[in-house]
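In structure tokens below, several structures.
Shared between the two complexes below is subunit A, which pairs with subunit B and subunit C, respectively.
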Partner chain A sequence: MNSIANRAVLNMPVIKQLVYKDWYLNRKLLAVYVGGGIFSLSIISLGEWQFFMGAIMFITMLVAMGNHQLSVTMINERKEQTLAFVMSLPVSPADYAMAKFLSNMVLFFVPWSLLVLATTIVILLTPLPDGLVAFTLLVCVLIAVNHCICWAVTMATETEGSFLLVMIGLNCLLNPALYLLARSPNIGGHNLNGDVVWTTTATLVLLCEILAIVLLLVGTLYFRSRKKVFY
Partner chain B sequence: MYSTEHSHANKMVRPYEIERLHYLDNLRALAMIGGVFFHAMLAYSPALHNLWLTADREQSVFIDIVAWFSHLFRMPLFFVIAGFFVAYLVSKRGMRGMLFNRTKRVLLPFIIFLPLCLWAIVASLMSAVATVEYKSPFLQMVAQAMATPGTPPPPFSTMHLWFLYNLMFFCVLTWVFSYINWSRLYKLFSAIKPLPFVLLFPLLLIPGLLLVESPFPAPDKLLPQLWAFGFFGLFFALGYWIFSTQDFIDRFQPYCIALFVASLILYAAYYFYIPKEFTFPSTPFEFPQNIIVKLCEAYISVWMTLVCLVAGKRYVNSHSRTMRFFSDSSYWIYIIHLPLLFAVQYQLMDKDWGLLAKYSASVGITLLIGAVSYLLLVRWTPIGWMLNGRKRAVNKTETVAMKQ
Partner chain C sequence: MQNAIEFNQVCKRYPEFYLDHLDLKLPTGQVMGLVGVNGAGKSTALRLIMGLIQPDSGSVDVLGYRLPEQQVLAKENIGYAAEDMRLYGAENLRWHMQFIQSIFPSWDPLYAEHLLKRFDMNAEQKTKGYSHGQRVKASLILLLARRPRLVILDEPTTGLDPVSRYEVLAELAEILRDENRSVLFSSHSTQDVEQLSDSITFLHKGKTLACQDKETYIEGWRRVLCSGTLNQPLDLPGVAEFKSNGSLHEIKIRGFEDAMLARIHAQGLQISQVERMTLEQIFIASVREVAKQ
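Moving on, here comes the complex of A and B:
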């Protein structure tokens, strides 16, 4: 066990299998959220209140999918004691951390990227004011930051309680963050503009968000990889 | 797009499957080429005169009667066939294989050809605004908007390629719904008698149809349209299940003529109620006309789709070089037809020809350019591989087997 734990090179074939295992376990979940996402998109164009309902539903689907897959791939692994099986494989804690990083990030960031792309295209090509682009992009990246915080906490603690606490806290804080961004004259102030307006404040907020994501992912991966044992 | 090229190579595919796939291939081609005829008709439709770019001075009510009748079942038929082939792909290549295949054959052409078609339509529109003397009301409006600075741009449209966009959503939803246990519903479906089916299935389409005006428009918006899932999506699902129910279409053979006659009678009522001149935004129907019109739409679309399937199986269930060419080229012709058709019809707007001459010329030239360009630019090139898959030579034994 120690020789595996001290190994300098990652065991990529096993990491690949662990990633596939996580994706396989999440396939039904992913299908449900993709279906929900398509449904929420399809009601957006029905009218004014349907627009808000659809948009909120779409964001909810994305956030819920991110949190749900964390619960399935990490918390359940502890609760249902399948981690013991993983420990029987020739993997080090570093391999395990890398597998969790890859599986969770791909599961979240692929649909997230599609969301960002689709939302931007919809804003630019429909009668919606193009000024919404900056605000929307910052909100989308904020959702990604929240997901990374959840992932980092779950990786660090691997307990359901802390995961739930952080998830609820972040979701409660999302609304004030949306409010602050919308009220900021340099970001939300341009929401109704006909053209895309990108200000220095928007750049600053975006850089902070990206920095937070990078620090969270790299930091968690680094500290988790240094562990000599799984528990 | 749904070429069954590979099925001939696959030794596991049984003869009855090859037989079935021929008539569905041919019906799909007819539905696609029917789109060229339909869009060409709209230029001479009195109902659409104020809303169609190439609306001509020559008009006929007869055009309206034929066009709106075909509109009720042409695309539903297409989606039934699309559902059938998706089920075929799932059974042959699995869910992942199906999604990969559809991405290659449906999503990729959509992404590549939509900007090109948009550009071609805008280019010919600009030219028409400057050169056409007898402009249509819509063309006049465009000319006026172009002359007025600050006019907001028109909403984005996926145009005639909307079916590819929607089809991709249906394929993704096929994967989503594959995790649900449908065995009970499927048992019910496979055991259903023709009469309950033709009476009950159309009722499922009513909620979707109630979300949209009549005649139902093309769901060509960038955001997916809920009504399209409830209408075209159900036809897609029907096709998907027909694949596993071998004798489903045969069950309706004795009722084919009755369904056709009943559809014509319902269409008379439907045509009576729909406006004779469409407006934008459309005026909503009052109750109970609303329900009557929706019921007519639902019943005609289902009944005529079944009639087409039965008739197709009886009359176009053969393999020939001509039909194969027709079937292979139809996807390409459909993709490029609208910019071509518009370009031709703009030229015809100032001519003093009769309606029939203008209509024949616009359809004839569009089909000719489509077929020739398919032969020269598509069939043996990467565009053809993308649309229909790579061609392989059919050996003598296979040809004999197909003919038999």
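Moving on, here comes the complex of A and C:
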């Protein structure tokens, strides 16, 4: 533990323990969602109805994984009064914000990366058209953007109501977004192509998504870290 | 002597509550009981000490650190347990002990095992199934085994059965033997405060009614029973409560001196009994006096 008298930096040893704690408490939950994602990928290339069922199930797993862990690590910590336990530890609001940032990103992006990688491999190694890769990647990153929006709102408001409202709103908007990507001639237009086609439009959409993620995370972390007190 | 806690003219305003220029000093090695009814400001004071909220004005220093700015440094040496604090229900106490140990190098595993036995706790049981008494004991194990310099307890004995209460108070009495450790605990129970504390602070509606060494404070109060007829209102300083039932009178006096008895006698009353008061009687008299004002 750092005991420098006038500390302005983050208490990284304790932050590390808090991140590990969240990982440990959510490990079974993550295993269930990763398992569900892999199951959905295992059926996706077996036929037409299996493709649609597998695709919907895969998207559901990614979305639910993000929302569920936000609920457990942030909302439940308040509802179940374990936040007081965390606040009694040598952490400042900035340390707490950093811990929640790291744990929620690790908890989401580690299994997300695994599942995106697995999806790409499944598309490339099975009879599914390789042209699906670009569309699939953009959809997966879009789900990551939604997760980051939910995280940012929950961090900023610390209320279950706003978390639920944003989560429902984003889920409702996901279908129109999928429709737009699928109907775009430069993205969805290549879905049935036998080769991977990566267009300028796809690059532009991907960059926009990544920029949105970076801005959301950095902005929220910056404003949340400025809080001097927990309440 | 350095103060473990020092509040200087601390104010904190909420829509329904105002902590009004609170001055509070807890010298190192002392035990202070913070007494007050619900809504008196006890939890607000404890939150200020933990750096969880910021005072609107005034200053809060804990273990020599200014709060909330230096809360991390202060909390490295504070053990805090609150009535509404919960542990992670899906994990057992052993997991919590290991978690705390990973954060506090001062964790004493032998003392932790001693406390487990003393409180008759099963460390392998998931905390979800704990009773209120077990929850309190688990919190105490987690905070005491790291041997903090300052212990803050918010209502540690509220809702405990008599046996658990005895065990908790006995262990608290044990840790108070360490003269370098300071303890501040809030309670509804003046009995617990009277048993454990060196000094007391009475809070009521955000104001300090008293903040003093316990023995001196209790010594300064008397309940005087007398009889006779008063032709005019009793002329005596420090009367906190005056009750009459026909010719019988009960007077509760703050800042008592023997000379006051002669003064009562001089006003035509026969003194039948002079009693020391318990902390509970003093607290009730103080609160009722403020309510009348």
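The definition used in the following text is that the second predicted complex is superposed on the first by the 222 of 231 C-alpha atoms of A that agree within 3 Å, B and C clash if a C-alpha of one lies under 4 Å from a C-alpha of the other, contacts with A are read in each partner's own complex, and residues count from 1 in each chain.
Please note the rule applied: contacts are C-beta pairs under 8 Å (C-beta built on N, C-alpha and C of every residue); 3 or more make two chains touch, one makes a residue touch a chain.
All of these numbers come straight from a predicted model, not from anything done at the bench.
Student: Which term applies to subunit B and subunit C once both are placed on subunit A by superposition, clash or fit?
Tutor: Overlaying the two structures gives subunit B and subunit C room side by side.
Student: Using C-alpha centres in the superposed arrangement, which angle lies between subunit B and subunit C as seen from subunit A, in steps of 10 degrees?
Tutor: One gets 110 degrees for this angle.
Student: Tell me which partner A:Val14 touches in the superposition: subunit B (first), subunit C (second), both or neither.
Tutor: second
Student: Check whether A:Val91 is in contact with subunit B, with subunit C, with both or with neither, and answer first, second, both or neither.
Tutor: Second partner only, subunit C.
Student: Is A:Lys228 in contact with subunit B, with subunit C, with both, or with neither (first, second, both, neither)?
Tutor: It touches subunit C, and subunit B stays clear.
Student: Who does A:Leu25 touch here: subunit B (first), subunit C (second), both, or neither?
Tutor: A:Leu25 sits against subunit C, while subunit B stays out of touch.
Student: Based on the superposed arrangement, let me know which partner A:Thr126 touches: subunit B (first), subunit C (second), both, or neither?
Tutor: So A:Thr126 only meets subunit B here.
Student: Mind working out whether A:Pro176 is in touch with subunit B, subunit C, both or neither, as first, second, both or neither?
Tutor: After superposition on chain A, A:Pro176 lies in contact with neither partner.
Student: For the overlaid complexes, name the partner, subunit B or subunit C, with more touching residues on subunit A.
Tutor: C
Student: Once both structures are overlaid on their shared chain, how near does any Cα of subunit B get to a Cα of subunit C? Whole angstrom is fine.
Tutor: 11
Student: Can you tell me which positions in subunit A touch subunit C when the two form their complex?
Tutor: 1, 3, 5-7, 11, 13-14, 17, 21, 25, 80-82, 84-85, 87-92, 95, 228-231
Student: Any idea which subunit B residues touch subunit A in the complex?
Tutor: 152, 155-156, 169, 172-173, 175-179, 211, 221-226, 229
Student: Once bound in the complex, which stretches of subunit A touch subunit B?
Tutor: 27-28, 31-32, 34-35, 38-39, 41-46, 121-122, 125-127
Student: Taking the touch rule as given, give the residues of subunit C at its contact with subunit A in the complex, in rising order.
Tutor: 47, 50-54, 68-73, 75-76, 78-82, 84-91, 99, 102-105, 143
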